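Structure in structure tokens, see below.
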Amino acid sequence: MRKTMRKAGSEVLALIICLGASCWLLWAAVGCELNDPDRDVRRFFPESTGYKTMYASVKQQGGEPRLARIQIRLGDTFKGLYETIDTPYSMYQILRGTEIIGYIHGVNQKGQYGGIQVFLALDRQGLIRHFYFQKVTNRSAKLLRDPAFAAQFVGLSLQDFDQYDVNAGSAKPGSRVAAIRNPAPDAEFDFRAALRATKKNLILCDIFLLGDIPGK
Amino acid sequence: MAAREILLKANHVRKVFRRGSEEIAAIDDISFTCRRGEFVSFVGPSGSGKTTLINILGCLDNPSRGTVSVGGMTVFNDTTRLSEGELTRIRRCYFGYIFQKFYLVPTLTVMENVLLPLSFYRKEGAAADALPLLNFLGLGQRIHHRPAELSGGEMQRVAIARALINKPEIVLADEPTGNLDTQRSREIGQILRHLNRQEGVTVLLVTHNPLLAAVAQRTIILRDGRIVT
Amino acid sequence: MTKPLSIYRIAFKNLQRKKARSTLTLIGIGLSAWVLTSLFGFNQGYETALNKDIDNMGFQVLLTAKGCPYEAATLMLKGGTGLRYMPESVISDVVRYPGIEKVTPMLMQAVFDPNKGESGGISAYLGVDPASYPQLKAFLSFEQGSWFTDPLGYQAVMGYEAAELEQREIGDKILIPEKNIEFTVVGVLKRSGTQDDGTIFIPIRTLQKEFGQQGKVTALGIKVSKTANIIELENKLYDLPDVQVVSMAQVRETIMSLVSTAKVMVISIALIAILIAILGVINTILMSVFERFQEIGILKSMGAMPADVFRMVWTETVILCLLGGMLGVGLAFGLAKITDFLIRRLLPYAPTGSLVQVNLPLALLILVIVLGIGLISGLYPAWWAARVRPLESIRSEGD
């Protein structure tokens, strides 16, 4: 009897190992999506009534020529195993009734100790309403996730980031991007990663959502 | 002239049908002999038993009583009842049938319809080629047509060709012109006469048509299941 | 031109008389054959995929710490703290048993990462022995790098999806929150379609040291030699105190029995579909035989034996069923992917890999079954037609 009970019990455990293990080890799936879009959309756009989720990749939307233009605007190439032409991106179109009132978009970026997920909430003109670290792995993560840090991004647009050099980590003196302070000096890598992620995010939004204006 | 052999013989044949509790004798004590090469017509009013008789002579039905022999071989007597398979063997050896309704297969062409019996049985000496037969019957230009494209007269001629393909000893024709007009009926009569006179085929004919009956050498009148003359 | 038709050609032409009716019956048989093929294909595919998943675990038997399995599972799902442990000495107990080929210890530890998402999340790490674990999982291949070799080192190997989430490549660092320890990534695995994709592997000794779990393991993976009797071995292992034996063979059986309920339901539906198809075929052929009542009588009068008529009608049924069967098998081949997708949505657990395996032997089996259906369905109509007496059909002309 005891043996049968143990057998039954071990089966259940094994089942749960099989079924459950992978589920909670992973956090977000491939691509960068909001973990709780209902909550986050309400948070960033309290006046919204709903949202629409769209998916796109650079490969689908213009292919190699598109990628080349993105890289020129970014001032850097797509690097590594995970930043590729067919990486899927999720975009959220925020609605009030039938009117589009803004967008939310997130990108993955390589951080010092793990993946960084940077989400931007933009208005119709492409100005940042909110900056949000959905994920960051760093000893000073608390400082980076402080609202004060995010507040530095509010009101900025792609135009502000055009002059930001993602490789050198330098902005045009006197520009609004140059004014962004790193609250955690030992997290310089992640700070610069966040800025690169922001610039890339704004470029992708410009292309996928706001209408690609040539020469911009 | 030497007497030709007896091909068909019926002795005191009686056929009774049961309708509910009633028994009706369609044929009552008929005896009949037919020699090779004869052309016999059976006439009489409706219900006189002529079709019943010809069915029994043609081994399509068992009599209730009496003896029937075909080619000297006893087919029916009071103690013998042949199975469907045995009857089929006798039928396909001796008989060719022509009916009032033509019963052609609608999805087969004229040629295929005529050759159909050969799919089941090929008698020794049977026609290797149906074309001469069809030409004789005036159907040489219609061999690839389907029954739906033929007139009534043409369809009956196809049925005749089909009945003849296996070189039967005896042709049984039951009201072959029942569905045809006068002109076509006359043509059928001429064909039957040619088969009998020229080819030596024994013909048993049932008909309402006196002109057609007159083509025969011998006419038997039936009434109420008995031979009158 | 003057060759008579064979009975088979006659049968085929007979089917063309009422094209709509024949077509509809054909479609009915085709759909039944499709269902049957997909069902058998699913049966094959699911079992193969499941076996592959389980075989990919590398070990046939798993030993875990004794305790209420539900409690352990809940703890695992909600958070790694409070996991039950086994003493490492269990290894020396286990290797004594005959039939044990390899043993590898594993330690699962988890920490809470407050910076994962809005309210934080769990990060889990699997401590493995670099000497034995890679050998048990020899089929795992690397996108970059290879296994760590130093049992006391601070290196990590990541499953592809875990690495992608963290945007890690070899040479990059990972940080264990709470413990504040850094590891260097030395290998990124290729996707295997198993839970390894989401796992971060670390040397077990290092994990034990950093988490204060020296001498403890959460599981022992056992590979049984090919000649050993697994059931007998499992029974012996049950006798070990404080351990729970998890048999992958039993997991397979349990999952299969979960699925078998669904399969029984589907088989019942398939059998009903076959029955309906049979009835449809009988109906079609019987109707066509009734319609040709007089014609069959005439065939008999022109020399067709009862066996000839039987063969002709039976052939019509067989032709109909074979054509329908080919249609169904063709549909199954063509729509295998869609069927796979539909089934995946319905099942509670679907292993990776193709769920619906449709191949040539299966196609031939289905055609044989459909042929059998045809032969059975055709018996009554063919027998009925063979029994027709010519006179019965001619008698309707009147006297």
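Lettered A, B and C in written order, each chain numbered from 1.
Following the convention adopted for this analysis, a residue touches a chain if its C-beta (ideal position, glycine included) is under 8 Å from a C-beta of that chain, and two chains touch if they have at least 3 such contacts.
All of these numbers come straight from a predicted model, not from anything done at the bench.
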Which two chains have the most C-beta pairs in contact?
A-C
Which chain's mean C-alpha position is the greatest distance from chain B's?
A
Quick one: report the Å distance separating chain A from chain B, using the average Cα coordinate of each chain.
95
Which integer distance in Å separates the CA centroid of chain B from that of chain C?
67
Can you give the whole-Å distance between the Cα centres of chain A and chain C?
37
Out of chain A, which residues touch more than one other chain, so two or more?
none
Going by the contact rule at the top, pick out the chain A residues touching chain C in the complex.
3, 6-7, 9-22, 24-28, 30, 35-36, 39-40, 80-82, 108-116, 133-139, 141-142, 145
Per the contact definition, I'd like the list of chain C residues that touch chain B in the complex.
1-7, 10, 13-14, 16-17, 294-295, 298-308, 387, 389-391, 394, 397-399
Okay, in this complex, where on chain C does chain A touch?
53, 62, 64, 68-70, 72-73, 76-77, 113-118, 121-122, 124, 143-144, 161-169, 172-175, 177, 180, 182, 188, 194-195, 197-199, 235, 238, 244-248, 250-251, 254-255, 349
Touching chain C in the complex, chain B uses residues 26, 46-52, 55, 60-61, 84-85, 88-89, 91-92, 95-97, 99-101, 103, 105-108, 111-112, 115-122, 128-131, 143, 162-163, 166, 174-175
